[in-house]
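First comes the structure, then the notes that go with it.
Letters A, B and C mark the chains as written, and numbering starts fresh at 1 in each.
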Amino acid sequence: MSSISYRLAELAERFGGRVLGDADTTIHQVGTLDSASHGQISFLTNSRYRTQLAATRASAVIVSEADADATGLPRLVSPNPYACFAKVSALLNPSPAIEPGNHHSASIEESAEIAESTEIGANVVIGKHVKIGEHCVIMAGCVIGNGVVIGDHCRLYPNVTVYHGCVIGDRLIAHSGTVIGADGFGLAWDAGNWLKIPQIGRVIIGNDVEIGANTTIDRGALDDTVIGDDVKLDNQIQIAHNVRIGDHTAIAGCVGIAGSTTIGQYCCIGGSAGIIGHLNIADNVEISAFSLVSKSITESGSYTGIFPLSRKEEWRKTAAQLRHLDDFAHRIKQLEKQLAALQSQHNNEEKA
Amino acid sequence: MSSISYRLAELAERFGGRVLGDADTTIHQVGTLDSASHGQISFLTNSRYRTQLAATRASAVIVSEADADATGLPRLVSPNPYACFAKVSALLNPSPAIEPGNHHSASIEESAEIAESTEIGANVVIGKHVKIGEHCVIMAGCVIGNGVVIGDHCRLYPNVTVYHGCVIGDRLIAHSGTVIGADGFGLAWDAGNWLKIPQIGRVIIGNDVEIGANTTIDRGALDDTVIGDDVKLDNQIQIAHNVRIGDHTAIAGCVGIAGSTTIGQYCCIGGSAGIIGHLNIADNVEISAFSLVSKSITESGSYTGIFPLSRKEEWRKTAAQLRHLDDFAHRIKQLEKQLAALQSQHNNEEKA
Amino acid sequence: MSSISYRLAELAERFGGRVLGDADTTIHQVGTLDSASHGQISFLTNSRYRTQLAATRASAVIVSEADADATGLPRLVSPNPYACFAKVSALLNPSPAIEPGNHHSASIEESAEIAESTEIGANVVIGKHVKIGEHCVIMAGCVIGNGVVIGDHCRLYPNVTVYHGCVIGDRLIAHSGTVIGADGFGLAWDAGNWLKIPQIGRVIIGNDVEIGANTTIDRGALDDTVIGDDVKLDNQIQIAHNVRIGDHTAIAGCVGIAGSTTIGQYCCIGGSAGIIGHLNIADNVEISAFSLVSKSITESGSYTGIFPLSRKEEWRKTAAQLRHLDDFAHRIKQLEKQLAALQSQHNNEEKA
């Protein structure tokens, strides 16, 4: 249980919104409508869940104006309940305090420059000429290659690898197993064998980026791979060399983005989607989970390419007919022609 | 070569089944019908492979009653040959002996409680108040966060990361690169920027679970992510926050399961399949490889959603027609109407 | 900036091709047509990019015979400009020099045999009876299991894990997070629970293989998993137990290959594709990104199975009709029959 607590009135003061009900209600933690208990605050973002609201044992809730009267519980009425909830939760669940200094087992090159406010964990390995800013936490087992630059307030969870020369902005959160800056997949075919194209670009990461566990971002072949500000990447994503991702774009887990593709700002890409190489995706594009983008998208909007799920026996019938689609098209056209001919023949006879 | 050996009669005594042929045949290892050699035992689970049985150089085989007479080799007739084979193999190939104690290079917080029978490998990092049970092996480079609880007889292969607060049952096998308890992908949109939702739930893992290499299981946002007993996860799987997976469910490689989805017991999910968030999947559901589940499944059964593979030139024709399907539906309906009209007209004329 | 430089004439001498323009042009780095600057050499492999060629600020370019006259810049005319470019880049961007010897923090079993010319990084853990050849670099945090054999000139980037008993040829490049030799997903169903099949095979990797970040290659169940010579694997690939991949095959990111499948030589498999288990794929097969192979492929050629992307509202219509395909087939057939009947009736009446 969190040991911090705030009165509802204090939360309203910090994050906006008005209080209805007992403004002195003390809140020490957040919870879902279903599982919140005494001293916890929950939230309602969708009026569909009003029955859960009725049953909740939370001490208070955050609701929108539309749901302001949907409960008698002490409540914080907010124009954006979910964002308000995020802020309350962050207040009640601060990141663990940084313990500045280097763990005795860390291997740090002398030429590395690490701010004194930063914490370096057990077995961390830091290369030559690395620069790490203020208030960072580099957790156990991370390996930071030569010449890497990391900004302020970054947190690298255990076993993250950053290859040489990559540049990272402020407030990066990188989860375990993330690999930043491995070689892109660059090959030239040469008389029966593959030749490796040296990957001499870097990965450049903006501010306020979060990278999920086991996600990989390859370094550029010649130019850099670039991740914009406020880009949010879930787990197990593959970002190939020379990809550029615009600010505020969010990408769900298991997405693969092939080389040299540029993605705009404010895009949302669903889980396990794919984008082939050398494409341009406009701003404000939404790609459904499990969809492949194989052409550039020049207009914002929602795009999908999913084969619908069905029971296996139904699917077999559909799949079997799929290969006849071109034949169907032809036969429908023939039918239309023949029917028209018969109709006109018939009409002529009637007139006759 | 394994130095352990057993007579065929001993294997039958331990694991059930009856011996036909020389019960004193000595077995020291298992092998496939194709590659087994003298002293090895193989198995036949499907009568289709009888020709391989005829050619095998194995010293003995495990067969079902239906195939009891399909060979003259010494044989163990079992109601479940594959399970029997698994048991024989486990007997002949025991896990390497545990070497209890902590490697001198491990970094272990004083408040951690680790059973004396447990082995802690090189460079392992163990946080505050961690509890690890009896007969575990935590291999090199693993990082165990503060407050983690691990049961008995668990084996964590090298470079596994477990985040703070996660709870793991008995007999877990976690392969290298597994990340348990990283933050879920929780974001609130707030006036042009993403706000992080603190992920304060845990991952709770039951008994007898196996997790493949580089699989990720995110911690819950508010409540926990829960993996049931005897759940088997292959490599490169992504399990998002607040997912719940029922006992005995097996999931093949590269599957992605989005947040808050609940999967029943005894399900089998094929490789690279996907399940979107907030769904319920019933017990005993089978999902084909490469299929997306985008709606809840309330009935057990086999479900598929695969676009069939074809030669590229054929695929082009099919794909081009796909966008006309709605038009086809309309035109077929029109044709039916017009034809019916023409027929009735024709019939009326005939009567007339 | 690279401190090495060569005259254009020297490059032609080393790698073939003829020089047009100033053969004394000094080259110290490579770059794209768009971003190359003074002292850099670029390349043109496709005449479509001639406008970029016209605008480049590179000091020289590598072109094919067909484009030999497309620029007035100093140029190297080559029968294979991209391969020539790869060689020039490798010359100008050599791998960092090896610093032979073991980092003091490495944990190396006494029975391991490591060539003196090889570099072992910080926190590397090397098991019993491991053999590592000449001129290798095993970077920080790698864990090499008991009995592993590694050839000459291999580079393992940080945090690679190789399980016991695996055998690796010469010149392997393995990127961070790669896991070689984890257990395959082998389970037998036994009276309501899963039984683990011990995975006693190995992974055998040929010469000149590259493996991308966070890729996993499972050990064989009984026989070995085998990766041929000159096989190139991108990031986040999953290769299951007993898969065999032929020489010179290249596989893009996020591909999943299920157990016991054999893939031929010279194949190219696009990103996020999948291949189910127990199949045979012929030589020279090309699989499109995002396609599932669910049957063996006996003939070389290009194969695809992608559901085309469309705007969500269009997709809804298409998806809704997909389930009626079998019905469409039936109705088209009916229409053809009825129309034929009507036509013949009509013709008979005319004759009458």
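Definition applied: contacts are C-beta pairs under 8 Å (C-beta built on N, C-alpha and C of every residue); 3 or more make two chains touch, one makes a residue touch a chain.
Just so we're on the same page, UniProt names per chain: A, B, C = UDP-3-O-acylglucosamine N-acyltransferase.
Predicted model, so just to flag it, every value in this text is computed and none were measured.
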{"item": "Superposing rotation of subunit A relative to subunit C, computed on C-alpha atoms, to nearest 5°", "value": "120"}
{"item": "Same or different residue numbers at the subunit B/subunit C copy interface, by half rule", "value": "different"}
{"item": "Centroid distance [mean C-alpha coordinates] between subunit C and subunit B, Å", "value": "25"}
{"item": "Sequence positions of subunit B contacting 2 or more other chains", "value": "105, 123, 141, 159, 177, 214, 236, 254, 272, 306-308, 310, 322, 325, 328, 332, 335, 339, 342, 346"}
{"item": "Contact set on subunit B toward subunit A in their complex", "value": "105, 107, 123, 125, 141, 143, 145, 159, 161, 163, 177, 179, 182-183, 185, 187-198, 200, 214, 216, 218, 222-223, 236, 238, 240, 254, 256, 258, 272, 274, 276, 287-288, 291-295, 301-308, 310, 314, 317-318, 320-322, 324-325, 328, 331-332, 335, 338-339, 342, 345-346"}
{"item": "Interfacial residue positions of subunit B with respect to subunit C in the complex", "value": "29-32, 34-35, 80, 82-83, 85-87, 89-90, 93, 103, 105, 121-123, 139-141, 157-159, 173, 175-177, 208, 210, 212-214, 230, 232, 234-236, 248, 250, 252-254, 270-272, 289-290, 306-312, 315, 319, 322-323, 325-326, 328-329, 332, 335-336, 339, 342-343, 346"}
